[in-house]
Each structure stands twice: as C-alpha cells, then as structure tokens.
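Sharing a structure below in structure tokens format, with a few things to ask.
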Amino acid sequence: MSKSAGFCQGCLHYVFDYETPKTLVIPNIRLGFAFRFTQFLVVLYVVGYVCVVQKAYQVTDSVISSVTTKVKGFALTNASDMDPRLWDVADYVIPPQGDHSVFVMTNMVVTPEQTQSRCAELPSPSTTCTDDCDCREGYSDPRGSGIQTGLCVNYSLTVQTCEVLSWCPLEIDTELPQRAQLAAAENFTMLIKNSITYPMFKFYRRNILPHVNSSYLKRCKFSRATDPDCPIFRLKDIVSEAGEDFQDMAVKGGVLGIIIDWSCDLDWWAGKCYPKYSFRRLDNKHPDNNVAPGYNFRFAKYYKAPDGEETRTLIKAYGIRFDIIVFGTAGKFGIVPTIVNLGAALSFLSLVPVVSDWFMLTCTRKRDLYGKLKATYMAEDTVAEDVSMGTSYGTQ
Amino acid sequence: MSKSAGFCQGCLHYVFDYETPKTLVIPNIRLGFAFRFTQFLVVLYVVGYVCVVQKAYQVTDSVISSVTTKVKGFALTNASDMDPRLWDVADYVIPPQGDHSVFVMTNMVVTPEQTQSRCAELPSPSTTCTDDCDCREGYSDPRGSGIQTGLCVNYSLTVQTCEVLSWCPLEIDTELPQRAQLAAAENFTMLIKNSITYPMFKFYRRNILPHVNSSYLKRCKFSRATDPDCPIFRLKDIVSEAGEDFQDMAVKGGVLGIIIDWSCDLDWWAGKCYPKYSFRRLDNKHPDNNVAPGYNFRFAKYYKAPDGEETRTLIKAYGIRFDIIVFGTAGKFGIVPTIVNLGAALSFLSLVPVVSDWFMLTCTRKRDLYGKLKATYMAEDTVAEDVSMGTSYGTQ
Amino acid sequence: MSKSAGFCQGCLHYVFDYETPKTLVIPNIRLGFAFRFTQFLVVLYVVGYVCVVQKAYQVTDSVISSVTTKVKGFALTNASDMDPRLWDVADYVIPPQGDHSVFVMTNMVVTPEQTQSRCAELPSPSTTCTDDCDCREGYSDPRGSGIQTGLCVNYSLTVQTCEVLSWCPLEIDTELPQRAQLAAAENFTMLIKNSITYPMFKFYRRNILPHVNSSYLKRCKFSRATDPDCPIFRLKDIVSEAGEDFQDMAVKGGVLGIIIDWSCDLDWWAGKCYPKYSFRRLDNKHPDNNVAPGYNFRFAKYYKAPDGEETRTLIKAYGIRFDIIVFGTAGKFGIVPTIVNLGAALSFLSLVPVVSDWFMLTCTRKRDLYGKLKATYMAEDTVAEDVSMGTSYGTQ
C-alpha cells in the first residue's frame, strides 16, 4: 500500500465513517414521561399556535384594488335668499368622476357675481382704517382677501377698511347655515364597485358577489343585519355606522372612511373570500386643536358677461368626502415559511433533552447513579498510557 | 483550602468544564454514505430552493411611486343632430390633470340648455298619470328626475306624466349611440411618466430608462415585441393587450388597469431593474349581475344667460378610465432573514442523525451489534455500588 | 406473562425509556472557556442584532392613511397683455379638492376666445404648403392642432399653412413666460391634515399632535429646526428642502413629493409615534431624455356667447403638483416572529459544540487523548461475541 493511497483511504474513512453519539437508556418511566410530555408540548405549540392561530405556514400578498362609485339622489334647496333649486348628481358631486374618493356637497356659502375689481376689505383689527396712511399699497395680508390698493374706504356706514383688489364682492363665510342646505343628502345612495387582485396568487374578485343578481341590486340597500352583501349604501347609514350623526356632520363637513377588508385565507375554499365593510370618521370631530374643522374647499364657476367681462360664482363647499380604503392580505400555503417555522419549532425540540437531563440530574432519586453513568469525568492528571485500555472495544 | 474557595472552584468547574458527547465511530461505508447523502439533500434544499428560487435571504421593501400622464390626439364628431366638432385633450380628458387615473371620454349623451324649471317626467309605470291626484307634491322618486310638483301634464300627445321641478329638459339617456362618438380615440396616445422609490434601499428609478433618448421618445409607441421600453401607449393597443375590443368598450365605457410591476432583485446589477407592463380590464365585461355596466358619470358645464339665468349643458360621459397601478417588491440581501432561514435549515441538519440512527438500527445487517455498542441499557435493579467501577477512567 | 402483554410492555419501554447521550467531561479551562465564549457570542448576536437593531421579534403592519390639504394665499399677475388680475385659491388650485395630490398653478399660456372654426395651422415643416394639393382633407396629424380641411391658407404675410378645423385661434405655447406669472406662489401655505391607522394594532394618530393648540396653528410655519410639528408648510420652504429652487421649478412645473413617514415602534410608549416629513422632487429636473419636461396640462373654461355659440378659454397650466405620500410600518412584539427568530438563534447554539469539538480535537495539546476518550472506534472485523462484555453495566 503506497503512502498516498493510504492517505486517501484515511480521508475516505474520515468522510464516510459514521459517528453516532453513545447513549444511556434509563428505564425510568417517570423520566421518560417527562421527556415525551415536553416534546408533546412543543409539538402542540407548533401545531396549535403557529399553524392554526397565526397561519405562519402561509406566504402572504397585499391587495391591489380598483374602485368605481356612483351616487344617486336629489335635493331641493329653498333658502329665503334664493329661488327653489334642485340639486342633482352633476351639481353636488365634485369632481364628478366616481373613484376611490367621492365628495358629496351638503352645505355651502355661495358668493355670486364676483368680478375682478376693488372693494372694501372685510372688517378685522388689521384691516380697519381711518385714513389712507393705514393701508399699504401692494400689501397682501395672508389672512386678508386681496392686494391692498392703499385707499381707506367705507365698508359700511360706521366702519372704514382698506380697499383691496380682489374678486368682489368678497365672500362672507361666517354666515354658514346651521342646518345643512342639502340635508336631504342623507337619503342619497352610493354604489361601490370594487375589483381586487392578489397578483401573487392570480386571484381576482369583485365586491358584487356571484350570488347577487341584477334585480336584487336594483332594490337593495346595505345593512349589516339583513343585506351584508349589497354594495349600495345609504349615506345616512354609513355615517351612523361610523358613530356619527349625519345632519351634524353635514353642516361643517368631514371625511368618512369606507374601509373594505379583503383579508382572505386562500388555502381553504376560496369562495369564502368576502369583503368586510367597516366605517370610520377619519377627521377629528371635536378637536381641541383644530384649524378649519370639518372639510371644505372653494371652487368657482366662471361666466363671461356679454361685454366680455369674466364673472364667477365662488362656492365654498362643505361636505362629506367618502374615502374608500381597500386593504387586505391573502395567505396561501408556502413551502418557505412552512420550513422556516418548522425549523424554528424543531430547534425547540432540540432543547427538550437539555431540560430533561437537568431534571434527571437534579430531581430524581437516583441522580448520582445517573450522573455517574452518563458523564465520564476525566481527571486532568490522567497519564496518557492509562487511557488506551479504555477505548476501542473491538481491538481489546 | 477554605470551604468557600472550594465551592467557588466547584462553580468554576461546573461552568468551564467542557462536556462533550461520547461517540461511536462505525467504519461502515454504506452507513456513512447514507448519512452524508441526507446531509447533502438538506444543504441542496437550502441552497437550491430557499436561496435561489425563493430568495429567502433578502429583506424586502414595497414600492412608492409617482405617476404623471399625458394624453394626445384629436377626434371629430359629426353626429346628425350637431355641427361637426373637434375634440381635443381639454375636451375629453376629465379631470384634466394627468395622474394615476385618467378618464378618456369616448361616448356621451349631451343634454344642452337645461334650466331650473318644470317639465313632464320621463314616462315609466310609476310616473304616468291620468290626473293630478296620481302625483304627490314634494315627492322625490329615487328613480325619477326631480321633485314632483303635484301636477299631471302632457309628456307627449298620448302620454301624461307627473310634472317635476328639475333641470329641464330632462336627460334621455336611453338613446346612447351604438357606435362610440369619439371612436377615433383608439389612436390617442398616452405618455406615462412613473418614478419609483424603494425607501429602505434608497433606490430611485424612472420608467423612462437611461438608454432611451429624446428623439426616440418623439416617435416611439409601446409594443411588447419591438418597443418594450417606450412609455407612450396607443389606447387601442392597451385595450387589445387586455384582451378587449376598443370600439366595443368605448360604447359603454370601462375601467382598464395599466399595471406596472417594479419587482426587482437589487443584489445583482441594479440596472436590471426594469418596469414590466401588463394590462387588464378591471370591471366586468359581460356580467350577469351588473347594475350600470361599463363606466360613466355625469358632469355639467354651467353658463349664465344674458338675463342672469343659469343654464347648463349636462353630459353623461361614457369612457375608459385608465388606472395606473404600480406595485412591486424589491429584495436585497439582509442578515436577519439569512440567519433565520439558515437557522431553520440547520435545524433540519440536526434531524439527519436521528434519521441515520434509525436506518442503522433497523436496516443494517449488524444492527444488534451497533445497537449494543451505541446504547448502554441500564437495568432498573442495578445496585448503586456495582456501578462505581464503570466510571472515571482516569482514576481506575 | 402472556405474549401480547409482553409486546405491550416492550412498546411502553420503547416509548418511555429515557435515552440520554453519554458525555465526557473534560476539566480543561481553556476548552471550557472557548465553548462558553462561543455560546456567549451567539447569544450576544441574538440579543444585540436581531432583537435590538432589527427588532425581529415584532409583527409589523402597514399604514392606512387619509389626507386633506388646504392651500392659502394670493397672487397678482400684471402681464403687459392682460389687466391686473388677482388669483385666489379657487383660481390656481386645480382640481379644487384638497386630497393627497394638490396642483398649484404657477405659470400658464392662456388662449382666450377659442371657437370651433377653421384657421391656418401653426407653421412647421409638415404643415407649410404652397397649394391646396399639399393638404389632405380629413387628415389629422398627431403633432398638429386639428383636422385638415384640404385648403392652403395664409398663416402670416409670408407663410402659408394648411387650414384645420379646430378650436381657433390656435394655442401658441412656445411663448411660455420665462418668469413664472404666479411667482408669488412661493409664499402660499399648505395645511396638511393626515390621519393614520394601523388596523392590526387598532392604533390611530393624526399629524396634528395632542400638544399643538389652536393658537399655535394659526401662526406657525413648518421649520425643521424650530417648528418640526407644525403641519403648515410654506411652498418655497418645501421646495428648498427638496434641494430645488422654487422660481426655477415654477416656470415649467414639476412634481414634488411630501413624504410622511409614520414608522413606529409601538412596544414602547406609543406617544412617541410622530410623523417625519421629508421632501423630494419626483420628476426629473434636467433630464437628457425627457419629453415634456416639467408638469403641465391643458384645461378649458367654457362660455356661451349670447348667440348660443360655445367659446372657451384654453389654459395650458404649468405648476407644481404636491404628492403627499404617506408610508410607514409599525412593529409590535409578536410571539410568532419571536419564536421563529429565537428558534433560528438556538439552531446556531447547537452548532457551538461542533465548533468546540473541532477545536478540541485539532488544537489542544492532549488532542489524541481526548479523541480516544470521546470516540470509540469500532473495528469492522470485530466478532460479535467479543462485544457483549462491554455493554450493560448493570448486568455484568
């Protein structure tokens, strides 16, 4: 046998010799039971909590969604200073497109016939004046209404204010009607069409469920108790579900979240994947620290007079913005999270002998015997030759 | 040696004595091979599946995106009841801002010259009447067109209906043109500019790739085969890619998703991170259970007549809403998921000896010999003094 | 004892006998120290990196957010070709609703008094003509302005171009003012109200923090140094923070991201969960390969002349779109990720003996002694009967 061949064989032995731990079998039923019971507890945890409760064996994906909405209804306003006027969808839904955010105007301050001209600023401590010297030409007060011309003019018989270049007459938004002008908006209905996708699982679904037919959709209204699958919502019902009063909210406006939860377990029958609706007011109702409470914005309709002059009707629109928020996570069995979580659990199984050994060596009656049999204590002063006889059973 | 010093030394021994399992080396090449092969399988799984296929060693982050769009094109309508009219971007894109949702009007029902006045309701079973008693003053039918005045008036020579206060004349939306009026919209083009960020990795990218130059952008059109990097899309091509017919969809409208997938592996050359476009119709095409199929909404242009009376042109706009949906997950090597997944795999390595031992003790020829050598069976009735002689090699 | 009872007892023994590895205790303090030190390193890693730095023991949830915005401010334009004109919110914020994307117009090309009629196309190589034959009736050049009528008409005294049917007069957008017309927009302020939810943790929060009171909100302006909690932003400050020059950006427009990061650790005092603002330009500033640099779109205001003819004012609006991007991940202690990560770390603890054994068997002085005591080498040619004497201490 050459030297290199011997080396190779040595290597081979090193790689392919099988090394297995020597063990001591102790026929102690209490000890064995404690050991198996601890193993059982770990397995119970893995199956019970990780798999059943937390579904840690699943891969998850987030929802991608598309929403269209359509509001229906009429309201008649009959304010003392205006003709009776009918409001339909094209009038009160701004902007008109129904996507995931829909604004329904419920109250307003209208300032018609505004033109680019000069007029007296609204009276306030910083705008009242007694003389042209109190006004600064070209000055633009951020809380004011326009650019000062430098003149001091009569606002009313008793008050003089600085003149401004602005859209005149100025808007007086302090006189907001205390009962919402479009109070009838509580009976408007909103149809929400929502399609979702879980791209990782190629899963598509709509909120109009397969068993919902056309005639049902023509007459249904969402109700958690009786019609939980109807995608048509009465505005008052939505606001009530969010714990608010519609008429209260309609005066100053607000933002209301329609939250659609598509969380699904796609491992079991996928048909069980239904949308769950919930409703929550998203702005603060009675804030201590709020500027501009509620929700409003200004927009204008522009007209051209026959002489070519541009006039506009400025509308400060108060209303409820419905934000349709779609979220959800779908889970499906995946080999990687399963392996990872199983692996973690198996790690705990490898802890069990440590615990059992501790129990054996401290709490059993025969602990000294077990300890002596289990562990061989090597004295540090052992002479090397003494040792050889204790090894290699086969060559004795 | 004092007692406490002895106790300390005992502690020290307890902590720093090294306890190692005693093992039995079996020079059986088949056994060794089975052992190594099982180890190899586990390592193969870790490397092959977890790392290469699932990239479980990466931390992931979700995309943050900004989209601007710009539509270009003209269309001429030449309906019998209207003058020829040219439609440009400002006319058919509503709202005009190009963000992640763009509506292109393709068909419409126009009701010009509406004023707040009274007119006969459209005939339907619930609105026809023979007498004023059939109509209820102030009643607002949710399916009607306004607030009833309580009168019964002639709708046509043969039909009488309840009079309503509304924007008159009423819209008759049953006569939707069966060929889309802006059929030419199929040749419109849409430029999509999309910048994305993965904030965790401080990674920024645009869908206009670095190698795309300005002159190419002036003439290119997206085509999966020839121009996959061109961010300019012909509307008809988008709709075709989604498996739909443009002219078909243009009549009643719909929602079309332009899905941009930015999923990236940032570990390798980041320049390979390209957007992948796909197209899918998001609303239902031929639904059994659909109210308001397609996609439409009403909006109005308001005018003021010289006498100050407000008139409006109501437009029920049908068209295609293009929703640009950007999603993606970027992954990059992360120490935590690497550790977690390695740990899980190592747990499986610790299972290998269990499997190998089972194989050794049941399937090998010399299983009894191996079993006897490996496991020391302690009889329960052993007397304690007998045992002492079998321990502590060094002190024999 | 019957046979089946014996079999049962065998099974019972098999299940409940406790099998523990036999070990060798080596009182070598260097070895023991190396072992404990390696264990310590692994524990240090788990506690230090996984738990403290990466918080791998937490379950995480993504933010759901609602945004409302309100812009305030005035600007006066005084172009030579126009009357002085004051611009307020209703004029320059398009669309007027303040949601998560707000466009503030800063520059514009206005083309008033457009009507549906015929006029000479703007001169370009493809539209100039010398004769009617150069023009094709009904042809619509995608880069042109309308549908050609087939006539060649005078554009100016020296140039003839094809006549088109279009909104005339045509827009000439090459003469964009090089100083933004609404340069004063830099002093506009934007109030951002942002409410967020982590649905998994039922955690709600607003960007107007509890300690911020109403009077502070009336006068504050966001400043990273002095007012980091003020939700009112001066437009110029935002743009500066993003590293851009407002007046520069105002000329051609752009998209600016206001990024609100709500990343939170909900395990510690939740009141510490504050929004972090950052600002970034989202479109490309000086791109080599850009079509339509900046951000602009066209919209029109429609008027009706007394004779019923529709005219419009076309506005090509340049401006800054502020995209409010809310993101964040909240983490909270969760038992599953804790177990998974602990498990993974424990797996590494089980690697420690392997490393220590390798150290013991290769690097210590007494490695041969240790090796002989630890491993029993079974010679392949051992005769079975020789073995029996070495087993079962108890029965000797």
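Some notes on this structure:
By letter and in written order, the chains are A, B and C; residue numbering begins at 1 in each of them.
Operating definition for what follows: a residue touches a chain if its C-beta (ideal position, glycine included) is under 8 Å from a C-beta of that chain, and two chains touch if they have at least 3 such contacts.
All figures in this text were calculated on a predicted structure; none of them were measured in a lab.
Chain contacts in this assembly form a complete graph, since each chain touches every other chain. For the copy pair subunit B and subunit C, the superposing rotation over Cα atoms measures out at 120 degrees to the nearest 5.
Averaging C-alpha coordinates per chain places the centre of subunit A 15 Å away from that of subunit B. The set of subunit B residues that touch two or more partner chains comprises 19, 21-28, 62, 95, 303, 306, 340-341, 343-344, 346-347, 350, 373, 375-379, 382, 387, 390, 393. Of all the residues in subunit C, the ones that touch subunit B in their complex are 19, 21-29, 31-33, 35-36, 49-50, 54, 56, 62, 94-95, 101, 103, 116, 140, 142, 144-147, 165-167, 255, 257, 259, 261, 280, 282-284, 287-292, 295, 297-300, 302-304, 306, 312, 314, 321, 323, 325, 327, 340-341, 343-348, 350-351, 353, 356-357, 360, 373-380, 382, 384, 387-388, 390-396.
The touching residues of subunit C, when paired with subunit A in their complex, are 12-13, 15-28, 62, 64, 66, 68, 70, 72-74, 76, 83-86, 88-91, 95-99, 184, 187, 189, 191, 193, 195, 197, 199, 206, 208, 210, 212-214, 217-218, 301, 303, 305-306, 311, 335-336, 339-344, 346-347, 350, 366, 368-369, 372-373, 375-379, 381-382, 386-387, 390, 393.
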